[in-house]
Every structure is written in structure tokens, then in C-alpha cells.
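Below you'll find the structures, each written out as C-alpha cells.
Next come two complexes, and both contain chain A; in the first it sits with chain B, in the second with chain C.
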Partner chain A sequence: MSLTPLNIVLFGIVALFGVGFYGLLITRNLIKFVMVLQILIKGVVLALVFAGKLSGNLGLGQSTAATVIVADTIVAVVGLALAVQVRRRFGTLDVPKISTLRG
Partner chain B sequence: MVGMEYLLLLLGAIFCAYRAIVSKKILSSTIYLACISALVSAVLYLLGAPQVAVMELSVGAGLVTVLLVYAVSVVGEDALDPASVIPKPLAFVVVGLVAAFLGWMIYPSIQIAPETGPVDLASVLWQSRVLDVWIQIVLIFSGVMGVLGLLSERMPEGSKETHS
Partner chain C sequence: MALILIALIIGLPWLGALTVLAAGNKNPKWQHGLAVGFSLASGLMALFLIPFTSSRVALDLWLGPSFGSLSFVPDGLAVSLTIIATVIGSLAVIFSVDYMRGEAQLGRYYFLVLFFIGAMAGLVLSGNLLFTFFFWEITALCSYGLISFYNDDPKAVAGGIKALIITQVGGVGLLVGSLLAYANLGSFQISDLLSKANTMPADVLSIIAFCFLIAASAKSAQFPFHTWLPDAMEAPTPISALIHAATMVNAGIYLLARFFPAFESVPGWMEMVMLAGIVSALITAFMALTATDLKRTLAYSTVSQLGYMVYAIGAGGVLASQFHLLSHAVFKALLFLSAGAVIHSVGTRDMTRMGALGRKLPYVRNVFVIGALALIGLPVFNGFWSKELILEVGLEHSPRWAYGLMLLGAALTAFYTFRMTWLVFYGSSRADLHVHPAGLWMKIALGVLAIGTFTTWLLFGGLSGTLAQSLPTHHLEAESTIHMVEMILLAPATWLALSLIAVSLALFWFVGRGFALKESPIWLRELSESSFGFEPVNTFISRGISGLAEQLRFTQNGQMNWNILGIVGALLFVLAVLLWSGV
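Let's look at the complex of A and B:
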């Protein structure tokens, strides 16, 4: 496997996705959860533009990436709003603790 | 060496991503997240997608960082991240397998096809992807509602004040 720019970008996409997936598995804090989702989505945005470049239709890749960025931001906003309200209601951001609470 | 700039930028992004996950302080994680956005937007620019790079930089490194800092200031640095539910070595092995499988599936298909469609984002977005624009408008409306939820100070009915 030669070290061309395309291979490097592919490695970067897979590695970003892997780190994000690892974070998703080990994180328990709700705010960190939102951050980990952001990392995963950054890998996805990179992959969409990369796929557009490979398929010779960069405009399509860019437009889908733009849509994903907007959706990702909304996910972050709604996730953070939920986290703030959960913290106010339950006094914790720890997901397993929240799932065992009643109220 | 050809592609050295890609290598440096992506290694930086991966390092920042790892630090963002393992960092004990949420505020430090937020700064690392902004760094990832900046580095990824540089890679996007090098790939020939300047509009998306600007969006990623302004939204990822700007708006989301501000929102995260605001959320941290509201809830407080409450917490060192407790031990994970899944053992970390097991998570590492699972992620390694998934990443290797993903790379193995994608790698054979890497070859650049000749340019077939328009490169300009505006022409694609306003002519063939108009539905995306409408979806984005609806999403932004939901985001405004989310910000109102984030800024809301009112406690839910029947709940007790649990923090000082």
C-alpha cells in the first residue's frame, strides 16, 4: 500500500471514525456523548467529500456534506439542551445513573 | 513527499480526537474538538471543497464550541468521567476490528473517476438538491427550538432543585 494522498485521507477517515466509535463505547457523560458524536460526524463529512471527489461529482459530495453539517449542528444543540435539562432535573449527567432513576 | 500536508493534518486531527475523548476536563475536550474542526476543514479545502470547509470551520470550530462552553458553564465541570460500562480493552478490540473491516471494504474502490458533474456547490444545491435546502430550513427551525430549551431557566414541574 503506497502512501498517496488518497490512501492517507482514507486512513484518516477510518481512524477518525474508529476513535469516535471508541469514544461512543466508553463515554458515560451526556455532554461528552455529544462531543463524540461530533467527532464521528467529522469523519463522515470528510468521507462524503472524499467520495464526491472519487466519483467525479464533487458538487454532489459537497452538497450532502453541507446538509450533514447542518443536521449535525442541530443534533448538538438539541443534545446539549437535553443534557442541561437532565442535569437540572436529576443532578447528574451519568447515563447509567439516569436510566436507573425514577421521576 | 507528496501528501505530507494531508498526513500532518490528519494525524493532528486524530491526536486531538483521542485527547478529546480521554481528557478528564470537559472544557479541554471542547478545545480539542475545535482543533479537530479546524484541521478537518483544512483537509476539506485541500480536497477541493472550499465552501464546505468554510461551513465546517465556522460551525464546527465556532458555533458548536460556543454552545459547548455555554452548556459546561451552566451544568458545571461536574464530573470526572467515570469508568466506562464496557471494559476499555474490549472496546479497543471491537473498534480495531470494525475499522480494519471498513478499510478493507473501501480500499479496493479507491480510484479517481473523471469529473462528470458540476463542481460548484450553489448550482448543485439550488438546482438538483432543492429538497436538501428545505430540510435544512426545517432543521434550523428545530435548532432554534433547541437553543430555547438550552437557555430556558424554568425547572420542570414537580422536580426538586438538585444543584446549587
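Let's look at the complex of A and C:
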């Protein structure tokens, strides 16, 4: 594959997706969890714009991407706020430990 | 208008289910009242739906290419079954007011009952196979919850799980059949499957037909899946009435009747349906001869009567099967609810400990005897007309040996029904049981059903008219009640059946009474206990699936990384399939 701009974007999408999924697979820390989720979603946003460009419907892709950005900001805010609460209550951010503590 | 009524018929019980939960277990009076109110309202709406019966689609909501359209068709088959589900369901709810008084978890009970009734109405009204499947699964789930209602009793839990797993086997059959139909027709609409069945390749059509037969057999507890229904007797008695008469088991008969025009040309299908019906009707009649548990005896008789309906469909008598379904729903609900009244008052289900209860419970005895006479098939009661109609169809369209076996089944039915009635209400008192009188609500529900047992056969003309007019692909002919009465009374087959029943009753009176309380012969008891050798098969299926589920439990550990791995794995699998199929 040649290094055309479109291909670069495609590589970017795959890379962001890969990093995001890999992070979700291995991380145990709640804050890191929110971070890799953000990376994954950035890949999705890029993919939306890319799909808009490919289908010749750039406006639609961009507006969907903007909507996703707004939504995922809220996800990040709520996720981090929860992480703070979890840390205060359980004294740890380790996900398996939290789920075994209960209550 | 029809659409609003349909929405109310399905929506009211479901809304009622939520409000009963919201009322909370601390207000049992509210819970009883709300449940009765919502179920009665739904039954009333179902009756209002009668004038709107037609083969036209009431709702056609396009949901996209993968689901097709959400549609409801209020045709004769659907409306008659909706009325049975909601009206008899609401009578079971009324009965529950007395039967379940003082139970701790009424919210869960009424929630499941109302959810069940609504789902059953949805199942028969749906015009889309996919939604039929969804409603089908909801009824399976509710029946599981209700059979295992006393969840501190291991037998009840085992019975519920068995019912769930065996009916799931049927659910898988229905799903596979529906997906195959979709793959070949590009549509989930039932009307498409009915009208375009002949355009499908013959082998695909026959796979669909036999998948649906498996689904119907599992749901209606027909051979070889006839073992879950007796085990479902651990449920509270109004639930047994609901499952046996109003909802659950009728779904299988409905499925066969609904798709009869599509499958009747499939080679071997009609014969298999007929065979399943005959075998179920006969072996469960034998099993009922030896049972000593009152509810179990009734459960066997249900499977046996359902066998008659399946046999009728196999012989091409869709109308006769639906007529018997209506009669059976009424008299079996009556029998179950009066058995419930007996069990509630004496606190045991063992018939060998009952006896001479007729004097202490005269009202219950009277209605039970009415139901029993209808089950035997004696004239004037609704069971007589419908059973004779089935035998009539069988005489014309099935081999002689099949007809002979069904006649034998009718004689056996008379024998075990008489034995059951005699053991419970007549003879001598065998144990000192403390008897409570039946409650007022119980009597109301029983009275309505007893009147129904006398009269529902008068509806034959209306039933056949609406079925003939609203099911164009079934090619049914409308007949008037008077014509049906004439035909049955003049047919020699009727008198043959009646004389066999009389012989059977005489046999019981002179010989059987002496044996009724004795141990039955070992070979018969062993055969009954193993359900004629099919208990191990069913137990193997249900144990095997439970065991497999236990083995797979480690995958459900709630760890987020683990779930992500599942998602990634599924994504890769889908990609691989897409690449492999070259899309």
C-alpha cells in the first residue's frame, strides 16, 4: 500500500483502535481504563470522518463525529468522577479488587 | 380501532404487571385488586376484538431490513386464542385471590402471571415470525418463574428448569425454522411464509416444517417431550390451570394450526404430526391410570387431550382441533381450579389420602364432576362435541388403526377420569383431613367456568365462521352449530365412541373400584415412572444442558478485561466469516 493521505488516516484509525483495545484488555487501573477508552473513541471519531469522506458525505461524518466528541467527554467526566469516589471509598483503583470487595 | 384494542390486550397485563410490583408486597389487597382489574380489563378488550376479526394487518411498522415489520393480524385463529388466554387467564387470577392469600411474594407471582398472559396474546396476534419467537421465549421464561415459584423447594426448582430447557429445545427449533424461512423468502412475515411456501426448495421447506413440529411438540408437551408437563405440577395450582388451559401448551397447537397450509404438502409431515398425537394421547392415558397425585393425573390428561388436537391437525382437521382447544381450555381450567380448591382445603395432593370429600365440599364436587364429564366426553358438555368432531375427522382422513387407537384413548380417558373423581370425592374417607370451605372468589371463578363447560360448544358456528372467513390459506368451510350437532348425532362413530366409554365406565364400576386403591401392576408403574422410557432422554437433555452451563460458568466472572476479550473475539470471528464468505 502506498502512503497516500487516506492510507495514513486509515493507519491512524487502526493504530488508535489497536492501542485502545489492547489497553482495555490488559489494564486494571480505573483511571487508565478511562484513558484507553478515550483513545479507542478517538479512533472511532477519526473513522467516522473517514467514512464520511469515503462515502462523499463529509458533512454527515463530521457532524456525527462532533456529536460523539460531546458524548464521550461526558463519559470521561463521569468515569473520572466515579474513579475519584471509588478511590475514596475503597482506597484502591484496582478493578478486580474493587469487584471482590463488594458493598 | 383493532390496533388500539390489540395494544390494550397486550399492554394492559404488562402495565398491570409493573403496577403490581410497584404496589409492593406490603399491600397485598392492592396487589390482588390490581391484578384482577388489569387481567379482567384485558379479557374484556379481547372480547371487544371479536367484531374486528379479519385477515387484514392491523399494524405494519417497518423496523428495517433485519427485523422486517412489526405487525399484528387479528384473524380468527389469533382472536380465539387471545380470548382463551386473557379470559381464562383472568379467571385463574380471580381464583388466585383466595388461593394465594397470605403468600409472602405476591408481587413476583402476579408480575409473572400478567406478563405471561400479555405475552401469550402477543404470540398469537403477531404477524411476524421473529416477534412470535420473542413472545414465545417470554412465555417460556414466565412459565419457568412460575413453576419454580416456591423456590425453596428443590423439586419445584428442578421442575422449572426442566420445563425451561425442554421448551428451549422447541424455541431453538422455531428460531432455526424462522431463520431458514427468512433466508429463503427474505421476510419474517407469516403471511409470506404461508402464501409463498411452494416457491421454496422442497428440502428447505421440509426442514422448516419439521423444525416447527419439534417446537410445537416441546411446547405442547407432546411425544417425545411429554415429561416436563407433569413435573411442572410443583407450581401453585392456579398456575397449573394457566399453563395447561389458557397459555403455554396452546402455543404449540397454535403453531401447527397456523402453518398447516404451508406444510401440509411436505411428505411425511402430516403422518409425523398424527403419530406424535396418537402416541402422546395413548401413553399419557396409561400413565394417568396409575398416578396417585391429583394434579399429576390432570397433567397427564392434558397431554393426552393435546394429543387429540395434534392428531386432528395431522388428519387435516384444523377446525376440529381449535374447537377442542376451546373446549379443553374451559373444562381443564375448571378441573384444575377445582382440584386447587380441594388441595387448598385439605392440604395434600395425594388421592389415596382423600376420599368422600364430596360431602364436605359439595360445591367443588359438583363443578369438578361437570369438568370430569366434559373430559370423558359425555353429551351436552363441550368436551363431547369437540372430541366427537375430532374422531369424526380421524375416521375420514386417517388410517383405521389410528382411529381405533384414538377410540381406545377415549375409553381410557373415561376410566382414569372416573377413577380420579371417585378417589377424591366418593368412596370412604381414608384419612382424617381437616377441610376448609372454598372461598368466595374461588367459587366465582369455578362457577363461570362450569357454565362455560355447558355452553361453549354453542360457539362452534361462530368459531368456524370467523376461522373460515379470516384464514384464506387454510381453506376451511364454515359450518353452523346445528349442522355440527346433526352430523355428530347421526354419525354411527359417535355411538360407537359413546358405547366404548360406557363399557369403560361399567368396567370401572364393577371391577376397577376394587383396584383403584391397590398398588398398580409393577410393569405399568415402571413404565409410567420412566414415561414409557422417555424420561431418561428428557432428563439427559436437561441435565446435559445444566451441566454444560455449569462448565461455562467461569466465563461469566464480571471481569471487565475478560468481557473485552469476548467482544474482540466476537469481532474477529465476524470479520473472519465475512472474509471467508467473500463479502
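Of note:
Everything below uses one rule, namely that the second predicted complex is superposed on the first by the 103 of 103 C-alpha atoms of A that agree within 3 Å, B and C clash if a C-alpha of one lies under 4 Å from a C-alpha of the other, contacts with A are read in each partner's own complex, and residues count from 1 in each chain.
Here is the rule we use: a contact is a pair of C-beta atoms (placed from the backbone, for glycine too) under 8 Å apart; a residue touches a chain by one contact, two chains touch by 3 or more.
Please read all numbers here as calculations on a predicted model, not as lab measurements.
Once the two complexes are overlaid through chain A, chain B and chain C fit side by side, free of any clash as defined at the top of the document.
Look at A:Arg28: by the touch rule set out above, it reaches both chain B and chain C.
Of the two partner chains placed by superposition, only chain B is touched by A:Leu16; chain C is not.
In the superposition on chain A, no contact is made by A:Ile98 with either chain B or chain C. Looking at the shared chain after the overlay, A:Ala71 reaches chain B, while chain C stays out of its contact range. One of chain B and chain C touches more residues of chain A, and that partner is B.
This overlay, made by fitting chain A, leaves chain B and chain C with a least C-alpha separation of 5 Å. Shared contact residues of chain A, touching chain B in one structure and chain C in the other: 21, 25-28, 96. Remark: chain A residues 1, 3-12, 14-23, 25-29, 31-32, 34-36, 38-39, 42, 45-46, 49-50, 52-67, 69-71, 73-74, 76-78, 80-85, 87-94, 96, 103 touch chain B in the complex. Those residues of chain B that touch chain A in the complex are listed here as 1-3, 6-7, 10, 13-14, 17-18, 20-21, 26, 29-30, 33, 36-37, 40, 43-44, 47-49, 51-52, 55-56, 59-60, 63-64, 67-68, 71-72, 74-75, 78-79, 81-82, 84-86, 88, 91-92, 94-96, 98-99, 102-103, 106-107, 109-121, 123-125, 128-129, 132, 135-136, 139-140, 142-143, 146-147, 149-150, 152, 155-156, 159, 162-163.
Remark: chain C residues 558-561, 564-565, 568 touch chain A in the complex.
The residues of chain A lying in touch with chain C in their complex are 21, 24-28, 33, 95-96, 99.
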